[in-house]
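Down below is the structure, laid out as structure tokens.
Here the chain labels run A, B, C and D in written order, and each chain numbers its own residues starting at 1.
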Amino acid sequence: MSKNHSETAILRIHCPDQRGIVARVTDFIHRNNGNIVALDQHTDRNEERFFMRVEWELQNFELARDQIQPAFEFAIANPCKMTWKLHFSDYTPRMALFVSKMSHCLYDILARYQSGEMKVEIPLVISNHRDLEEVVNKFGIKFIHIPITAATKQEQEQKELEILREHQIDFIVLARYMQILSQSFVDNYPERVINIHHSFLPAFVGAKPYHAAHARGVKIIGATSHYVTTDLDAGPIIDQDVARITHHDNVEKLIQKGRDVEKIVLSRAVMAHVDRKTLVYKNKTVIFQ
Amino acid sequence: MSKNHSETAILRIHCPDQRGIVARVTDFIHRNNGNIVALDQHTDRNEERFFMRVEWELQNFELARDQIQPAFEFAIANPCKMTWKLHFSDYTPRMALFVSKMSHCLYDILARYQSGEMKVEIPLVISNHRDLEEVVNKFGIKFIHIPITAATKQEQEQKELEILREHQIDFIVLARYMQILSQSFVDNYPERVINIHHSFLPAFVGAKPYHAAHARGVKIIGATSHYVTTDLDAGPIIDQDVARITHHDNVEKLIQKGRDVEKIVLSRAVMAHVDRKTLVYKNKTVIFQ
Amino acid sequence: MSKNHSETAILRIHCPDQRGIVARVTDFIHRNNGNIVALDQHTDRNEERFFMRVEWELQNFELARDQIQPAFEFAIANPCKMTWKLHFSDYTPRMALFVSKMSHCLYDILARYQSGEMKVEIPLVISNHRDLEEVVNKFGIKFIHIPITAATKQEQEQKELEILREHQIDFIVLARYMQILSQSFVDNYPERVINIHHSFLPAFVGAKPYHAAHARGVKIIGATSHYVTTDLDAGPIIDQDVARITHHDNVEKLIQKGRDVEKIVLSRAVMAHVDRKTLVYKNKTVIFQ
Amino acid sequence: MSKNHSETAILRIHCPDQRGIVARVTDFIHRNNGNIVALDQHTDRNEERFFMRVEWELQNFELARDQIQPAFEFAIANPCKMTWKLHFSDYTPRMALFVSKMSHCLYDILARYQSGEMKVEIPLVISNHRDLEEVVNKFGIKFIHIPITAATKQEQEQKELEILREHQIDFIVLARYMQILSQSFVDNYPERVINIHHSFLPAFVGAKPYHAAHARGVKIIGATSHYVTTDLDAGPIIDQDVARITHHDNVEKLIQKGRDVEKIVLSRAVMAHVDRKTLVYKNKTVIFQ
């Protein structure tokens, strides 16, 4: 988007498919003098479900920000039985990074953050190890070391949740964080924890997927970013990508080639989330244009 | 689409960007009791141009087929200064294939045609050589041999045009046809001649692109399907794809690897054209969902 | 390879890794006045195993064809504890196709066969249905209908084995053949039955992988060609490839996009097998240059 | 490679194709008690040229390091008319980075450098702008600002050459450095300056390739890493990769998608160079396994 655009409102909805939804929503915006800058919609005919993302300029829009929600709810969302979210483009979401020992995803995100490509605030990075403390400090971000053992897990997760609340964190990115989050932790951030799994899911769920891929003799490896749910590696997939390998590649080489796929896939997923381009329905995602 | 769908109308439009076009068009369809089964739109902000494809069921639609055009023109197209096309899904477009000596694209298209994947009629195949006559006959299609020399070109193209008209051909696919069509020939089928060029355009325009790619030492080769204009290999691109190569691949191997890319890219482009998913504007294409 | 090359011998070996194997093998060929036209080797350091493919011109080679085997065995293969195979490029392998109802892989193979790209003999096609009889006949190949039910399976497989022996079939390609071969059948053609599975294995083993992929919400689909073993969809992988999909693609669209991946991956695998570029070791493949 | 390996010697050669080269070279290594850990070779039959890379452990090798060169030269290289290079894996090459204002390639390289993935020394970064000084400092690397104007170019390049010599720089990486190096500069580092061009060469040579790609309406963009020669964007290609785009992507989006391709392609090329996997012959590269 060009810099001359005013701030925008972003509406994401899904509802039972019915006639005239696009017309009703766009009419609502136009009647209030809004200029639509992006519109993408999708109808899932099997599910008989309608999905839409629309973005319009707030400049000259005749409803104040706090009027939009009640007006839209009354006029359209309720009669159409919509599930919906409204965001404003001038709010910068606050993101926490969880890392362990590997730096490639962390660096890729921090580089995009610092260059302004990834439009987030990163108040803190949490890690169960101290290995990446120096990297994080380099970028002027607070590093919080929270070691986890089986015995301390519950207590330490409570501590993490407090820290996240204290820093008003909107969503969490697991950048090769090697701990499994408990159900109660995840329940605090539904559809707001993004993980990168180092395989082409659903192949090679769980630990050591590159070893499993090597043992199976696949010719292509992959990485999968997904929203975390309480089922391990089974949450809604946001993005995937792959790299070709050969019999020359041992496990170490798979890990090396995989790193490039992981970091790009995770960063793309985070940017889709930040740009409000994702929508979850029944454990699957719609990724808008 | 499931078989239970009734026949549909497909509308493709582009016009100067302006407020409320989506609402106006969808409202036109809904008011006449049409059920929209697909809608995709795009706004090019640099060009300030709006593009849209919408498809709705004709069953229960309150306008007769021959009423749609005048009604839409009067109510929406003219006031909005639209360029537009209307098609009906139960009309099967009539396609002519032009080939020379290579069979891979021809086979790929005929296999899709015979299995019902590519929804066209193919009344005839024209070739400047006799090499593929047997292949074409196998599929029960008329093969017409029209040899071309520099001296006979103009006259032979006239003959081709007569044959095409006689068979009411809607569009032409050059499936590795190794003759350059004259401007006057192309002018008869604007945006209705699809070519496959065996390179990743705009690299390696013209003859022997695989030799040129090998000489340059590229690490990836490609193929490009495009609408034919009077500028050689410079028409609007419909689709492209690539294949990785290595220093082990000599020109013959490039040609072999390239064949698979060519045939898939050409068939995808033809199917996009047949499904009315393409729209040309200023030497570029919009490819709808 | 240029047409001017004389016929070649192709040797594929694997053995415990040890010093000097490349030197010993190439020296054996050179001492007998052979001109090496291709050499590729690989050492798996974890398995401490050495793999090699070497191809040399028979013109001027000082050993007669039937002398090569005993000479090589005595001088090199036995002392080095090699597992090895020797082939001559002027022998055209005899391939049987097994199909059911879908034609895309069948057409892709037959088109390559007829154009001379795939250097095989195809004496017959076996099918448990009659749907593709006409397609096969078009190419002048014998079509044999062998319906299979749970009750008749054992008996019918015996019949198939007789037919295959009678036609001196070297290897079998399952071009979307929708029957599972019994263990005893497969045992007759070890590393000589090639299947295409319509998923990115090991994801979505078994029936209806596109339905499973759609249900899981993956963003990329794939296809896998592999040698058939008695474990369903678990044999050594020869080749894989993928295609990107979106939330717009329903199951029918996945099946359509998948067809292109399946046919290309299967044909590439068959050509690698025919060119003696594959080598199986411990349920994995080495694919030589 | 596992950490237990001793240091290795790496030999890259090319020469007129002739019988027995592999045997002679491997025999030379074995006779001196060397254990080969990697061997890759290629014969270009059109050029009648042989290419080879071989790597062996120095532990127990019976020639001292300074004896290898004269021994090999006398015994093999001279009689076979070889062009060749010998390196030792325990020498870490010294690399200078040239940057301008964009940080994505710089970050990608520095992250790999710091994590130990890219085995180089980076004594300094040179830039014609100050924008990235802070980024470079963060990594504890010397940043040298050398502004260039048409008037000062010759003089400033002399200064750069002095600095490079002073720091014993082995090779230079242009990580989106937006100045064209003069012929005399490049002549000092033949096959030792690596550039990333932000297009799929040879398409869109020169300035603003994303604008040109957008104007042409391509469906795929790419990036190309190559050795710099005195012909602009025409040097030997080391690696290329691509990304799919659609009509929704404006120039800014192309630039964003392109950044990910650029950084991965450049880093892969640098690592191939550092691992002594590249070999230049007649403006093309051989990239060994």
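To be clear about the criterion, a contact is a pair of C-beta atoms (placed from the backbone, for glycine too) under 8 Å apart; a residue touches a chain by one contact, two chains touch by 3 or more.
Everything numeric here is computed off the predicted structure, so don't read it as measured data.
Of all residue numbers that take part in the contact between chain A and chain D, over half occur on both sides, making this a same-residue interface.
For the copy pair chain C and chain D, the superposing rotation over Cα atoms measures out at 180 degrees to the nearest 5.
Chain centre most remote from that of chain D: B (centre = mean of CA atoms). Centroids of chain A and chain D (each the mean of its C-alpha atoms) stand 36 Å apart. Centroids of chain A and chain C (each the mean of its C-alpha atoms) stand 42 Å apart. Contact of a single residue of chain D with at least two other chains is seen at positions 2, 45, 248. Touching chain A in their complex are the following residues of chain C: 42, 44-46, 51, 200-204, 216-220, 222, 236-242, 246-248, 250, 283-287.
Of all residues in chain A, those touching chain D in their complex are 1-2, 103-104, 107-108, 111, 114-115, 117, 135, 138-139, 248, 252, 256, 259-260, 264, 267-268, 289. On chain A, the positions that touch chain B within their shared complex are 2, 19-20, 22-23, 26-27, 30, 35-39, 41, 43, 45, 244.
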